[in-house]
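Below, chain A partners chain B and then partners chain C, in two separate complexes.
Showing the complex of A and B:
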């Protein structure tokens, strides 16, 4: 499901205009990114939390050529599923089976 | 930043009522979970995508006691950061430094 379909579903279910949903989701992503940039994690109740983690510089070795490359330090976005949701999804049968 | 603070920030930035933001975010999580349950991944433009992955049953060995335990198969929620955003965040200095 892409962004557009997600927005259409939300607009329909929440009985709000597509413009409002679009504006709101855009604002949501902006606010989240602003927080994450500052190193603040962002939680969604019952769903999980986003946080930015630093990865240290590391040495990568190509197993075929044995060539060594330095991977510079970087920051990555990680999502940690909340425990409530983790338990909910764990044993879930798929509807498409 | 918890859910409540996130909602307040969004309401302020998007100039919408807190009730609307609350309803919309709740609907958003519901729609996403509904899709994920069916094994459909959900993308957020420019941010990333959520998907449910199956983990096969595995044998876990406690390294101290050598006790073996079977971990039953389960489903987990994973978030994959989009490439646009991955590049954006990679070299970002933190504001709090």
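Showing the complex of A and C:
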């Protein structure tokens, strides 16, 4: 499902105009990103939570040259699936992609 | 994580969205609800939902796998299941990682440093070995030199005596002529030895010249003693020459180092300087001086010999020169047939090479270095359009390829240029021919 289809579906589901949905989507993403950037996690009940995790710095070794490199720490955005939702999707038929 | 995780409640989120978009709170509420619903629907139906400017939620299938119950040791199968994964967009990733964006991967030096230290240790031990060898050589040479000195002093005394005697007793000229060759040796060797001992050469150096001036009238009695001395001096000279050779070899070696390693060369130099290179340098200087003196003496000796020869009859000169003139053209003649032979061989070899491939061997379409995973068939397909033509590549590179089944990486192969009578994808005859050839080669 692409973004356009997503917006159409939401507009249909919430009885809102497409423009409004578009605007709301944009602001929601902005707000969420703003919160996430500050380290706040954003959770949707019954679905899951978006959160930022800090990956510690580590040493990596190039297997060819045996050169060791420090990989600096970084922050990544992850989605933690809610338990109820996990169970829900668990037994879905295998997706043919 | 040490940091306490902040959470934003859905109410706060709704408020923020409402404020940001300027929409009614109720609208926002219903929007977020339906947003989650639609996400759920999209995931269940399509398996993928893309949120623009944020990322992608995707269902991922995990294959069933075996696992073991840690307590009971019982094996059981984790059934295959779906999992929801989220991949943020690139710009979102960057944005989230802004805090650490400036940090970049850095090479660690201590890991490599260990290797360097090992290398240095190796070089160090090598340098020590070389030094030991040199020290041994020097000791031996010094001993011999001492002997030479004593022998020479005796000789000087004897010579002085003999000079006096010689004036009285006129010896036959023939003896002098016979000795001419030997004397050159003696003086050359003697002077070298003297030079190495150094210092008092002002006194010693003229002595051999004296021998020369008087040498033509020498008594045969001195001859026997001289023979043993001659052998001694030859030995000393040989030792000196070999020592010089070793030194030059080492120098060459180190210069090789400089071209190969550069840095390591500097290290070696440092080590050598640390371990008393000064002494070695002094010794080397002495040796060089000695050599120069020896060369001068040798030159003088040769001049003398020439004069002696000139004093001989002119006939002998002409006799001597003639053979030289004759031998020169001979060598030239010998060389020419040899060259011709080589040319013949080359031609033969070329014809041999050409016969199996029937000409065309000269023309090369391309030269290829075999990489990892390359095969003759792959090359054939690339250059001739069909893999069966690999036999021709094999034919052209028989010197390099031993087994056509195993082409190891790093080989450089010539891809011969072939006519359409041999390589033509549209002509099935060429294909069958190539296959037959392939059978032959594989049987071998």
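Criterion: the second predicted complex is superposed on the first by the 93 of 97 C-alpha atoms of A that agree within 3 Å, B and C clash if a C-alpha of one lies under 4 Å from a C-alpha of the other, contacts with A are read in each partner's own complex, and residues count from 1 in each chain.
Following the convention adopted for this analysis, a residue touches a chain if its C-beta (ideal position, glycine included) is under 8 Å from a C-beta of that chain, and two chains touch if they have at least 3 such contacts.
Being a predicted model, the structure only gives us computed values, none of them experimental.
Engineer: Should the pairing of chain B and chain C on chain A count as a clash or a fit in the superposition?
Structural biologist: clash
Engineer: Quick one: classify A:46 as touching chain B (first), chain C (second), both or neither.
Structural biologist: Both partners, chain B and chain C.
Engineer: Applying the document's definition of touching, compare chain B and chain C: which contacts more of chain A?
Structural biologist: It is C that touches the greater number of chain A residues.
Engineer: Contacts for A:18 in the overlay, against chain B (first) and chain C (second): which applies, first, second, both or neither?
Structural biologist: Neither chain B nor chain C is touched by A:18.
Engineer: Which partner does A:91 contact after superposing on A: first (chain B), second (chain C), both, neither?
Structural biologist: both
Engineer: Please work out whether A:3 is in contact with chain B alone, chain C alone, both, or neither, and reply first, second, both or neither.
Structural biologist: Both chain B and chain C are touched by A:3.
Engineer: Considering only the listed stretches 4-12, 220-228, 238-246 or 310-318 of chain C, which one runs into chain B in the superposition?
Structural biologist: 4-12
Engineer: Residues of chain A that sit at the chain B interface in one complex and at the chain C interface in the other, please.
Structural biologist: Of chain A, residues 1-3, 6, 9-10, 13-14, 16, 20-21, 23-25, 27-33, 35-48, 50, 52, 74-79, 81, 85-86, 89-92, 94-95 contact chain B in one complex and chain C in the other.
Engineer: Please give the residue numbers of chain C that touch chain A in the complex, ascending.
Structural biologist: That would be residues 1, 3, 5-8, 10, 13, 16-17, 20-21, 23, 27-28, 30-55, 57, 59, 61, 80-86, 88, 92-93, 95-100, 103-108, 111-112 of chain C.
Engineer: Enumerate the contact residues on chain B facing chain A in the complex.
Structural biologist: Contacts found on chain B: 1-3, 6, 9-10, 13-14, 16, 20-21, 23-25, 27-33, 35-48, 50, 52, 74-79, 81, 85-86, 89-92, 94-96.
Engineer: Once bound in the complex, which stretches of chain A touch chain C?
Structural biologist: For this pair, the touching residues of chain A are 1-3, 5-6, 9-10, 13-16, 20-21, 23-33, 35-48, 50-54, 59-61, 66-79, 81, 85-86, 89-92, 94-95, 97.
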